[in-house]
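Presented below are the structures under discussion, each in the form of structure tokens.
Two complexes come next, and they have one chain in common, chain A, joined by chain B in the first and chain C in the second.
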Partner chain A sequence: MRNFVALTRRELLSVYVSPLAYGAAAVFMFLFGAFFVVQFARLKLVEVTAVVEPLGHILPALVAPVLTMRLLAEERRMGTLEMLMTAPVGDLEVVLAKFFGVWIFYASMVALTAAHVGAMLWFYDGSVDWGGFAAGYLGMLLMAGLFLAYGLFVSSLFESPILAALIAFVSGLLVLMAGFLISSPVLVKPGLQQDILNFLMPFKHYATFLQGVVDTRDLVYFAASIAYLLFLTTKVVESRKWR
Partner chain B sequence: MIELQDLTKRYGDLTALDGVSFKVEPGEVVGFLGVNGAGKSTTLRILSGFIPATSGTARLAGHDVFRDSLAVRRSIGYLPETVPLYPELRVSEYLGFRARIKGVPGARRAGELDRVLELCKLGERRRQTIGTLSRGLRQRVGLADALLGPPQILLLDEPTSGLDPLQRLEVRALLNACKRQHTVLLSTHILSEVEATCHRVLILHRGRLVPDEEVARLRQVRRFTLAFAGPEAAVLESLRGLKEVERAEAAKEPGVEEEGEGAQGHAELEPRESQDPRDALVSLFAARRGEGWRLLELRRRTLSLEEIFARATGDAEDRRA
Partner chain C sequence: MALNGASGERAPRPAGVTRLVKAARLAGTLACLGLSVNVFVCVVRDRFADARALAPFAVFAPLLLASAWICREEFKASLRGPRMRVAAHVLVQALLGFIVLGAVLYAFGFRFHARFDLSTDAVYELHEETLGRLAGLKDLAEPVEAVVLAGEPAADPNERREVERLRAELNALLERYKRHADELAPGRFGFSTLNMLAEPSRLERLGKRLGLATFTPEMSESVVLLCGERARLLTKRDFFVVNRTPEGVSLGARFHGEAALTAGLRLLLNPAARAVYVAHGHGERTVAELTGFVEALRKQNYDVRGLDLAAAPRVPDDASALVLCGPRETYRPAAVAALQAYLERGGRLFLLVDPVQPALSEMPRAETGLGDLLQGYGIRLRQDLATRGVRPAVLGEPLPLEQLVALPASRALLLRPLAEARAPVYFERPCAVEGLKPPEGREVAKLLESPPYQTREALYWADPVKLAAPRHEAGAESLQGPVPLALCAGPVKSAEGAETQGARIVVAAESRILADAQFMQYMGNHLFALASVRWLAGGEDAGASIPPRSPKIRMAQLEEREAEVLMLLLVIILPALLIFVGVVVWASRRT
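The block that comes next holds the complex of A and B.
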């Protein structure tokens, strides 16, 4: 546990002095602003959670690969992984610390969106469904966690950060698009197959949160997928020992 | 303190280490010598727990490297050859992080940082970002890191590579200063470094250890160098005729002017078995005094580490062929 705290602290130290992270944060805020304006005009404030919807899919799909690409690929390329792994720390601790470090950074970017939301609420005179709002933000953070865990996993496979970012980005986008298509009743005949596919894809689970519903099934889905990806990442890091 | 038994490492078809066994006693400083690619880094990586061996065992501070990796890693300070550091952190941030994950308790951490910064003369650099440090300073940060703890065992992979001569001297002084506290295994291909710092030398060649007896035997070998006046060819001829002499070769003494007052010749003698040819030499020159032969200088010397190394690795090559 003490190791985990120290490792996470190190990740945060590195990310908060990284120009790349601030670049990603700037892109994030710009895109969020653009989406916000469009949604705001379209929805005319009917549904508050819909305004923050892109925070959960397209934004992390774009930004997460940039934040995660260096986490393990760079450590391997620079050889700092050797320093890390010859210190008395476990592989799992390292992977968890990297994940939580970057997740915390992501959450701090999301915190900045409070400005937009605050401005919106300033002009809004209906009653706000705070519970629904919180559910939307929770779902969005879980989505981001999934993308970050996936990006971390891809980063563990490569030595080149750019390659890791590219692959995480393209494959993440494909999954996202597949999720959109599958959930459409026009393209896929409703039935068991669609239900199964929908259950596997993250998009539908996120949609539940956006409706203001926190369902255990969705929580389990996110927790399990993130845990599984982190488990795979740990195995990849460990794999140097059996190659 | 360090014990290797029949350690072997294969990367696919390539055998990097081939049945290496040796022991390092507590408090010993052992130099690990070999050309690039001899298997030094592989050995140190296995000992530090970064990669596993294909077969064989290794124990450090009483713990098995493979079964009890965490306990081993708690008792070592390891400096990889490339000194990988996080360029975006400050020296103190980096070392603070390393002290934490190495389990230096909070109450002792600040003092421990001061100690290693002081030892490595990094006090003024503690606020500097690692990315802006010179190669020599980075090396010192890596060393400071390895010294944190302090660990029982230091594993240093070419701690002076890439440094200028002055920095190399500094690192050497540093190593000498921390000799008493740690058991040290350091790899290098710079022979003078081993002579300056180590109690003992292990020579690794193509994944195999040159046996200690072989190195000890080579250390016993004596050479005689002499300077003389007289016709060089004739003198060498007579030297070769002596029964105590196995081989005699003309040698060049660097930096000595070869002109004027009767050209001076130099020769190097390899004695037959371990005989001392000095009496015979003196009488030889005395007998030919009339012909202008003079023995100007006679010196007995041991083989330099370079020669031992060249012969040990050369012999290993011959045996293989």
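The block that comes next holds the complex of A and C.
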């Protein structure tokens, strides 16, 4: 546990002193700000979806590959991963520390969206659905966690960070599109198969949070998926010792 | 691959064989890909029974087998290599992990799951009336089953999408019922889906129980509630409330599934219908004119009948409530006597009166003649017109007034659905009603009143005829709102909270609120009318006046100029600040 905390702190520090992370955060806030202002100015609706919907759908698919691409791929390329592996820390601890480090950084970027919520409330003086906001933000963080875990897994497979980012980005977009395509009864015949595919798609689970509802099925889905991706990442890292 | 016997080294292969192996490897990879895609398509489109969909298997499977045979030596060699051992290890562990993941998802995701609606509007929770109804299921000898009828998908994509939406809404709602029923009355409620095309024998059995010879395709997405020998059909129409403009144009439908299902449950378990009479003979709106109101009552298991008070001035004994909607003539003495007798024996009256307005053809030209009768119960009908602004008369006839919104004034049980739905009742030209000191043992309560300062414009009592010169000058009785627009009168409750028997009256200040255009367009009008009849008929705990759940719409006041400022702050300045911090970090690291 002590190793994990120390490694997480190291990861966080390395992210916060990385100009690239601030560049990614700036792009994130620019894109999110544009989504938010255009939608808010048009609809004027004071609701959680106005803030959280783009944060959970498109932005993690765009930003997570950039944040995760260097985590393992860069270390492999530079040869620092081997040094880390020889240190008295477990593979799982390394992977968990990298994941939580980047997740906390993402959460801190999301914390900046408090400015957007504040701006929204500045122009509204009625009762606010705080429960809906809490559920929406929770879902958005879980969704981001899933994309970050996937980005970390892809990063563990390649030595080139650019290639890792590209593959994570393209496959993330494919999942995003598949989520919409599966809902179409023209492409997928309604029935058990559609239900199963829908269940596998993260966006259906995220939609429940946007309604202000927290369902343990969705929590278990996200927790289990993140855990499974981190497990696979650990196995990939571990497999280097077997060769 | 052949080995050189003495040295154990690999014998060089002829160039043709090498090329063949490479081609076989490529063909095998493509065949694998093709097979995977075809299996996926067959699974998602459910086309395993389609011979054309299976044709690719006939092409790809032999190709894969042939390539595997050609590459068999290479394959064997690769199995012995260290990379394959690593890959096998990873694969086995990944599969084990996947199985554990599946078990966790199944155990915690499906068998023991909970759902919490954190939103203020609680749109996805069940109404307490529904919960009470589900709790009551534990006393039943047999469980209740809801069967959803699933038909063939429609050809039209839009229609198909609508059907899919309804099916998803219904399933989510039934899941909520099942989840709560499992807690409140374990094993007493369940639901299933019946495929109308694939299960004809089950459909036939269901039809027999409902007394239906056939099921039409339009009956798909209906729900059949079953309990022992009892069965009740809820159609698609029951699950929606259609909002319409005053001209009758549909503004779209709102899903009202919970009210329909809970009402259906009540009616399944307690099928006796109560009679509601709609009187005519003195210019009132008849059953034929109030189709929306009548249909809504029938959905609630009221037997709605017409009653000609002019021809036969007597209210039947089985009347649970009597509706007098907008009389335009003075009631004849015999009719007044019949109403008096009805109220004296504990009758229930829902009276909707319009202001006396000789200038307008659609308004009554004479008083109802019920003034004395109502005053005996603590209600006075005024001759004033409640308005929200001065409207000049044009050619002797005033312009139509803007709608006047009335909000629940009382916390009375009967208006709870209205308050829960946050739905105002819309009046156009209401008269004013006034509560008086009630006789001993009775009470009068305000049900609806206008807001005191609607659009910052003072309300006042206006002269019914000369709208251009309202009585809001010196000496006027009351110039400002709130104006009472609906009252109820009934016996005082005992100390234990039980209500003694006696006449109940609801008086509303305009009959138009029950007219189809108003009743179907405004949810508040709909709920007010149903809640009133329900209270009058004594069904406080037996009806299903559950408002449709929809989230409250919260709108911000944002000007164009302010949006531009927001754009500048959030899209330009905030990201620029982050870039600035990044540059500072970069510079500090360099130094």
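Just so it is clear, the second predicted complex is superposed on the first by the 230 of 243 C-alpha atoms of A that agree within 3 Å, B and C clash if a C-alpha of one lies under 4 Å from a C-alpha of the other, contacts with A are read in each partner's own complex, and residues count from 1 in each chain.
Everything that follows uses one rule, which is that a contact is a pair of C-beta atoms (placed from the backbone, for glycine too) under 8 Å apart; a residue touches a chain by one contact, two chains touch by 3 or more.
The model shown is predicted, which means the values in this text are computed figures rather than measured ones.
Aligning the two structures on chain A places chain B and chain C side by side, free of any clash. In the superposed model, A:Gly118 makes contact with neither chain B nor chain C. Between chain B and chain C, C contacts the larger number of chain A residues.
When the two structures are aligned on the shared chain, A:Pro88 is found in touch with chain B, with no touch to chain C.
Contacts of A:Thr216 after superposition on the shared chain: chain C is touched, whereas chain B is not.
In the superposed model, A:Trp130 makes contact with chain C only, not with chain B. Of the two partner chains placed around the shared chain by superposition, chain C is the only one that A:Val236 touches, whereas chain B remains out of contact. Judged by the touch definition given at the top, the superposed model places A:Val17 against both chain B and chain C.
Here chain B and chain C sit at a least CA-CA distance of 6 Å once the structures share a frame through chain A.
According to the touch criterion, the shared surface of chain A, contacted by chain B in one complex and chain C in the other, consists of residues 17-18, 242.
Residue ranges of chain C in contact with chain A, taken from their complex: 43-46, 82-83, 85-86, 89-90, 93-94, 97-98, 101, 104-105, 108-110, 112-121, 123-124, 153, 157, 160-161, 164, 167, 551-558, 560, 562-563, 566-567, 569-571, 574-576, 578-579, 581-583, 585-586, 589. Chain contact summary for the complex, chain A toward chain C: residues 16-19, 21-23, 25-27, 29-30, 33-34, 36-37, 40-41, 44-47, 112, 115-116, 119-120, 123-124, 126-132, 134-135, 182, 185-191, 193-194, 197, 211-217, 220-221, 224-225, 227-228, 231-232, 235-236, 239, 242-243. Residues 45, 48-52, 70, 73-74, 76, 78, 80, 82, 84-86, 88-89, 93, 97-98, 100-103, 145 of chain B touch chain A in their complex. Of all residues in chain A, those touching chain B in their complex are 2-3, 5-7, 9-10, 13-14, 17-18, 78-90, 240-242.
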